[in-house]
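Labels for the chains are A, B, C, D, E, F, G and H, by order of writing; each one numbers its residues from 1.
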Amino acid sequence: MNEEKLAHLLEQVKTGQCGIDEAIADLKRLPAEDIGFACLDHHRTLRTGIPEVVFGENKSAEQICEIFSRMVQRDGAVMATRISVEKAVVVCGKFPDAEYHEAARIVVVKKNEDKISGAPIVVASAGTSDIPVAEEVKVTAETLGCEVQPVYDVGVAGIHRLYNRMDVLRCASVVVVVAGMEGALPSVVAGLIDKPVIAVPTSVGYGAGYGGIAALLGMLNSCAPGIAVVNIDNGFGAACMALLIAKGQSK
Amino acid sequence: MNEEKLAHLLEQVKTGQCGIDEAIADLKRLPAEDIGFACLDHHRTLRTGIPEVVFGENKSAEQICEIFSRMVQRDGAVMATRISVEKAVVVCGKFPDAEYHEAARIVVVKKNEDKISGAPIVVASAGTSDIPVAEEVKVTAETLGCEVQPVYDVGVAGIHRLYNRMDVLRCASVVVVVAGMEGALPSVVAGLIDKPVIAVPTSVGYGAGYGGIAALLGMLNSCAPGIAVVNIDNGFGAACMALLIAKGQSK
Amino acid sequence: MNEEKLAHLLEQVKTGQCGIDEAIADLKRLPAEDIGFACLDHHRTLRTGIPEVVFGENKSAEQICEIFSRMVQRDGAVMATRISVEKAVVVCGKFPDAEYHEAARIVVVKKNEDKISGAPIVVASAGTSDIPVAEEVKVTAETLGCEVQPVYDVGVAGIHRLYNRMDVLRCASVVVVVAGMEGALPSVVAGLIDKPVIAVPTSVGYGAGYGGIAALLGMLNSCAPGIAVVNIDNGFGAACMALLIAKGQSK
Amino acid sequence: MNEEKLAHLLEQVKTGQCGIDEAIADLKRLPAEDIGFACLDHHRTLRTGIPEVVFGENKSAEQICEIFSRMVQRDGAVMATRISVEKAVVVCGKFPDAEYHEAARIVVVKKNEDKISGAPIVVASAGTSDIPVAEEVKVTAETLGCEVQPVYDVGVAGIHRLYNRMDVLRCASVVVVVAGMEGALPSVVAGLIDKPVIAVPTSVGYGAGYGGIAALLGMLNSCAPGIAVVNIDNGFGAACMALLIAKGQSK
Amino acid sequence: MNEEKLAHLLEQVKTGQCGIDEAIADLKRLPAEDIGFACLDHHRTLRTGIPEVVFGENKSAEQICEIFSRMVQRDGAVMATRISVEKAVVVCGKFPDAEYHEAARIVVVKKNEDKISGAPIVVASAGTSDIPVAEEVKVTAETLGCEVQPVYDVGVAGIHRLYNRMDVLRCASVVVVVAGMEGALPSVVAGLIDKPVIAVPTSVGYGAGYGGIAALLGMLNSCAPGIAVVNIDNGFGAACMALLIAKGQSK
Amino acid sequence: MNEEKLAHLLEQVKTGQCGIDEAIADLKRLPAEDIGFACLDHHRTLRTGIPEVVFGENKSAEQICEIFSRMVQRDGAVMATRISVEKAVVVCGKFPDAEYHEAARIVVVKKNEDKISGAPIVVASAGTSDIPVAEEVKVTAETLGCEVQPVYDVGVAGIHRLYNRMDVLRCASVVVVVAGMEGALPSVVAGLIDKPVIAVPTSVGYGAGYGGIAALLGMLNSCAPGIAVVNIDNGFGAACMALLIAKGQSK
Amino acid sequence: MNEEKLAHLLEQVKTGQCGIDEAIADLKRLPAEDIGFACLDHHRTLRTGIPEVVFGENKSAEQICEIFSRMVQRDGAVMATRISVEKAVVVCGKFPDAEYHEAARIVVVKKNEDKISGAPIVVASAGTSDIPVAEEVKVTAETLGCEVQPVYDVGVAGIHRLYNRMDVLRCASVVVVVAGMEGALPSVVAGLIDKPVIAVPTSVGYGAGYGGIAALLGMLNSCAPGIAVVNIDNGFGAACMALLIAKGQSK
Amino acid sequence: MNEEKLAHLLEQVKTGQCGIDEAIADLKRLPAEDIGFACLDHHRTLRTGIPEVVFGENKSAEQICEIFSRMVQRDGAVMATRISVEKAVVVCGKFPDAEYHEAARIVVVKKNEDKISGAPIVVASAGTSDIPVAEEVKVTAETLGCEVQPVYDVGVAGIHRLYNRMDVLRCASVVVVVAGMEGALPSVVAGLIDKPVIAVPTSVGYGAGYGGIAALLGMLNSCAPGIAVVNIDNGFGAACMALLIAKGQSK
């Protein structure tokens, strides 16, 4: 559309219907659309075979359905995070292709998509209570085309559990480590492998855990290099970061 | 420059030296420069008769002199905030036109500039310790072309002092209120006049004042409508906001 | 009333019914009423054609109705913010003239009022979740007599959307920017236009967003001059500040 | 009781039934009871005609009734704070002498008591939302024997309302000032009178008010001397402090 | 002065030189001065025999001397807090009547003053490191006319030290308790006596004491009624509050 | 199991079925299992006669039952903390051997176990509202084999109550002190006895107590040596720490 | 002394020189001294062969020498923590018996003392920067009579270093774990051994470590039971806690 | 070494010199050394051609020289961060091969090393004050073998500067974005490209920037997916994370 408009303008310049000064003035008033081009291109590439993502936390089942209708029509695929069982029932009732991942609280409507080749993303979680966030990582990354290997319940209070899974960790393209409470697991993992570690603090804990601050600060202050951190409970964000890293390796 | 480049491209389109597809491709790769146009225009307007502003806090006298050299050459005017007496001595030694406002900690090198017409900006301060920040507001706004009326030392602990100056406050285009400690003055001022109030918390105080947090939170939670707040000790930012408001009225 | 009382006192002084010392003593005991005069005048001016505003958050539908009854009787107009759908049903049932703005959560009972002339207030919002606060700004400002132009869903993660609306932003009297999460939009807007920007952080987000602190701090620390900030989710306060700025320009 | 025990021991020393060394050993093992004496005396004095106070927030109606039964039996009087209407219905149903102060959320069962003579305690509140806390101050102090004079809704956003009540404030033995949001009222009051001011921050507000922190910090950092502060929403504590001050004056 | 002006106006009204309407207009424009009357009266009373107080923390010795010159000339007395030894040497060199209280960091120039009768203020401190703040309380209150009884180094880690001084505490008009670290002493004191307790948190401590926050929060959350709190290290403020309480009793 | 595997490997080395290089390679790939040995041994020891502990806060009754089934089958014993009455009814319905400690919110299914000899653990609580956490300490420690002596409601606001129980405190192996609000009790206790004190802050309180922060900071900043602190409301953690200390003494 | 006084009083009761009522009154006025007995006894026991401890941080070398003079005279022993090299030179110059432990920043003047028998205290530190705090633990505990085994530089970023020292850790009476940054080491240690772990957060780190908060929160939220925490950098406090635990085992 | 020891043990098992039970016992006591193997291997790989890194902030020039001596001897290479000019002069005086990067505050002694192939790391900085941290990223990554492309001074207040560099950003393997104040740049960058973004908040700013908290929170709460965050001013950590990502792509 914009490209057509631009072509039309240039055509007019070529044919003399539009003077150069006039064309410059027109072009100046349209920079956003020019960027819009780039961004849309970029977005289109990003979106090929990849469902759009809706943050479902504060949206009603009805609102989610409405967004899904538009997105499925446009892209043939859509994905929503933070969806309770109650909302999922409604959404899946309306969209027969929708699949609900209960542990991850994610609903996905997807067409077939190209897989990203290469080593899998490993998702490690410290405790059983961190699994919902770990599953958000896993389902998001899988939906976006990555292979994911889960390594759950390997927290530092019983560190031998982690050692039993070192071979899996060492073969990752990138490791996402999900931990609440004191959030110490990423430091230990990063001290043992030479892969980038994405640390996800969770709000698991109570008292001076302050809804994930203790874990967040612990991860930011890690004594082990090779760690970067996302927001508390932000499994989706960690999956996106991991995806971009894995994609870089698959090229 | 960019405009020339653009004209050249369009000329080539017109003469057929450059195909339309090729031109579209070129234009797509240059959106930033298009925006650059707009921004530069905008900046040029902004800068007419207005000195550039340098944040001097963490810069050495030498660094400030170097920046001044380039800016004076380009614009004939420059202004720097957060300049200690020691640095000012060095800077004013090198730039004979430079004027140092000690209380405001500002150095100004300026050409004559157009004044903004209309009602003055009033700068009110709660205590004598808040005056350096109030002076930063005053000297910044005056340098940028506004008339400023100071109303100092009218804090809420002796509120009759404020009442004695109500006539000045009522004639303002906008009132900047500078206060530390509990930061209560903006609420009282905003409850008495119908002008926009820009509240500047200062780091004056100790203990549970936490370097200005108490004043900042107080101002954000004001029970009187018509107040907006800038960062702690940010006299420069308040002056810029006030200037934009005053300019709107002078048009 | 007070003026009558004062006239009566002076009459008594004139006629010798009241001695000068006695009159001085009386006058000293009444300063509040003198100020009361001014304040009432001032308030009367403020209130002309403008509904009183009730903060509805912690009030029951019954309490709101009771306040409305008194205010409508006195002023013929009233407005209440933070009204849930449930409360709105009750209130609108009792006051047939009342209009409920659901997105803004505002109920308005208003007489016709004089419009403020001049450029519109522009309200920009970063995400769709910020729209309720943006609507609080819009409905408040419109109710108070301003023209408002909304520019929604133009957050920095897809900045081309903002560029598409630059012409609207550039024609504003003042721009209110509503954003949650990292609250970066006001900096970008203020870097592109020469109008005052009022930044409204919202509690949209989770984890280390801490109910709007991240956005609030981001806005207070903006690297772009010409921004002032109101409390988290305080759409009403931003509208009042914007109104006072717009009124200054309309005179 | 303890005194009897002590008398009995000394009697035995006197009669030689108990040796001095033995008595010393006994006395050493009983210091707590000695202090207990003092404390009980002190407590008894405190309690004369004064109901015991129960913090009702986290107690069920049943638990409150059970405590009331024991206290009424022992002291003939009892008082409980933070009692919801629902709990009050249950409690007043069981204790026909109980009186519920709904605004203050206090239930009182009391015998007649001696009044504290002298100037009244004045309780000032900034907004209507602060009244529940102000009423907790008022009902507590009245129940404990003080005369209380309320001065409500005199916040700094419309400071003429405060001036209209200066005569009441000036006659106080002590002024309790209750305010939420920015908590500026105590500073203004303390700047106008020469009585001790007890400042009570309330959790009224939202956003960066952080449940009363803004008001608390504002009050702690007051620029006016003669203010001391109690916990957020702690009307009961303020009333106790005021009572002790008023009692000192009545002696 | 103002009173003369007012008398003159009324005289003119009486003689008909000034019409009533004209007089009303005049009076309306002067409310601040009317309040000024009251405030000045009030201030004059406050200041009788009482030195003005200068906060010396961020002022140079020269600035302090300049303020002293003006104040001594006007009032014959002055007092400054937070004065280092270095500044005191300069100030006392210029003002031979000045007396420096090193522990309290206070300089006083005073004429003889009327003493406040009645029971003394007791100042209790927890540790030896809290003594500077305790001395600020003591010297301030003594300078303002109160008798003060110090009870130092009676912290809760060796609570028998407090018991040895109970007789002194019980005879106080009001007790100021100064404590850093966990700030537990005020709770224990308030649990043992029936006098108002003013708690002063100090910045003594390290680590999670956060410059006095731990003590401040502890005191605000005291389980013992009859306590109110001032800012961290605010010995001066505590002394003013204590003075107002003691004065109420001496009347 | 692992040991068998290891023995088998070594047997193969001995008989030449497995070469030394091959055995080294095998052993290197199994370090975690080696540690697993140690840990499992260690765990087995820890678990002898001691029920496993489930944190029940965010688990449904169904989830708890499922975990119980597996654990009872494996260990014959299990224990779960933070169990509401509603969940307890379900769990105890399914497990007839289960015992619910309502005040402590703990469910225990246990075989008979060896008692830890020596002096009892003393659990002191400041107020009645702290008792649920104190009971979590008590029931946990008893379930794990320790004798526990409760000393409840001995807070610093009435310190004579503590003195009456000094003999109990002095005979402890370790004292767990549970307190909310200002959390001053551990300091007083540690100043009176020569036993290790484990301090447990509780979330009891309101306003500036911030859900236990005031108590936590108070305890961390205690002026009395011999105190260490656990998380807010972490009765279970305090009991484990106390158990390890008591076990050290019983050997 | 007090005991003599008490004996004298009882003697007078016995001989009739003092009536029983009179004696009761006397005894009531002396409870503090009775407790004083106990406390002094208790203190004497505590202090036998143990140097008094002076917190040297904010004291001058002169003040420390003065305190040392009195203490050495009374007890023959004294110890001071947080002593810089500069102060140590002065103090050791005056007290030839004084020994300075530079890494621990402790000066000790001690007579021979009885050793506490039993297993040693193990002090583990995460990084080399944590060693000063670890040394404060070590020197304090050794000075107070305990054997101490250091295990330094075994942080979680290279966890094999910890495994190499497991035999030392397993033989401890109690383990003090000193760590800054994310403070993860105590969790790992407590997951591997069955001894009580005292965690000491240090202020080592920068940025979001906030002077030790990250480590402190991490330790409080540890997922491993059997940990209790002391204040940031509080090596002395950890040593005292460890000493009391070790003493319990040696009895 | 350890492998030899292990081989020796197995040899002894093979020859019967060591029984199987004895060997198992030995092996159990050595797991750490087994892990040590793995870790050492892993470390050796990591360290090939890569200098060790010393955090120089709190170390004296002498301490740094001492560490350098050992490391250069062992590895032939070493690198230290946070080195002031003063320290650098001393270190470079002793190590003629050492090179000081003043803006980055890094000293490097390095042998030739293998370069990591593939797309460069791009380091973008918002303001000129952020350049020291950006340079720490650049010099670290270059020293560790990566090509780095700097894009400085492209903050959001003049966003056209960023657009001019889009081609560089789009060709990165990974983009490190360094920003202080409100920290908005990472969001904008991540919204424009499909590469992983590592966000580095800096302590640049003042007032409510709180030494980098505003930037840190802003980055954690970014509305753009594909961002992970490191500690404030942690250029070194960001470079390590970027290196691991770039290495993954170069394989």
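Following the convention adopted for this analysis, a contact is a pair of C-beta atoms (placed from the backbone, for glycine too) under 8 Å apart; a residue touches a chain by one contact, two chains touch by 3 or more.
Computed from a predicted structure; not experimentally measured.
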{"item": "Joint neighbours of subunit G and subunit C, given as chain labels", "value": "A, D, E, H"}
{"item": "Farthest chain relative to subunit E (centres taken as mean CA coordinates)", "value": "A"}
{"item": "Listed pair (F-G, B-H or D-F) duplicating the D-E contact set, over half by residue number", "value": "F-G"}
{"item": "Copies subunit B and subunit H touch via same or different residues, half shared test", "value": "different"}
{"item": "Pair exhibiting more inter-chain C-beta contacts, E-G or A-G", "value": "A-G"}
{"item": "For subunit C paired with subunit H, centre-to-centre distance based on mean C-alpha positions, whole Å", "value": "50"}
{"item": "Where subunit B and subunit C are represented by their mean Cα positions, the distance between them in whole Å", "value": "25"}
{"item": "Mean-CA-position distance for subunit C and subunit A (Å)", "value": "39"}
{"item": "Subunit F, residues touching no fewer than two other chains", "value": "31, 35, 38-39, 158-159, 163, 166, 192, 207-209, 213, 216, 220-222, 231"}
{"item": "Contact pairs between chains, per stated definition", "value": "A-B, A-C, A-F, A-G, A-H, B-C, B-D, B-E, B-H, C-D, C-E, C-H, D-E, D-F, D-G, E-F, E-G, F-G, F-H, G-H"}
{"item": "In the complex with subunit B, residue positions of subunit A that touch it", "value": "3, 6-7, 10-11, 13-14, 16, 20-21, 23-24, 27-28, 30-31, 34-35, 37-38"}
{"item": "Subunit H to subunit G touching residues, read off their complex", "value": "29, 31-33, 35-36, 38-40, 43, 55, 57-58, 201, 203, 211-213, 216, 231-234"}
{"item": "Footprint of subunit G on subunit F - complex, ascending", "value": "35, 38-39, 42, 45-46, 53, 163, 166, 173-174, 192-196, 198, 216, 220-222, 225-231, 236-238, 240-241, 244-245, 247-249, 251"}
{"item": "Subunit C to subunit H touching residues, read off their complex", "value": "126-127, 155-159, 181-184, 187-188, 190-192, 205, 207-210, 213-215, 217-224"}
{"item": "Residue numbers on subunit C that touch subunit A, as the complex places them", "value": "129, 158-160, 162-167, 204, 206-209"}
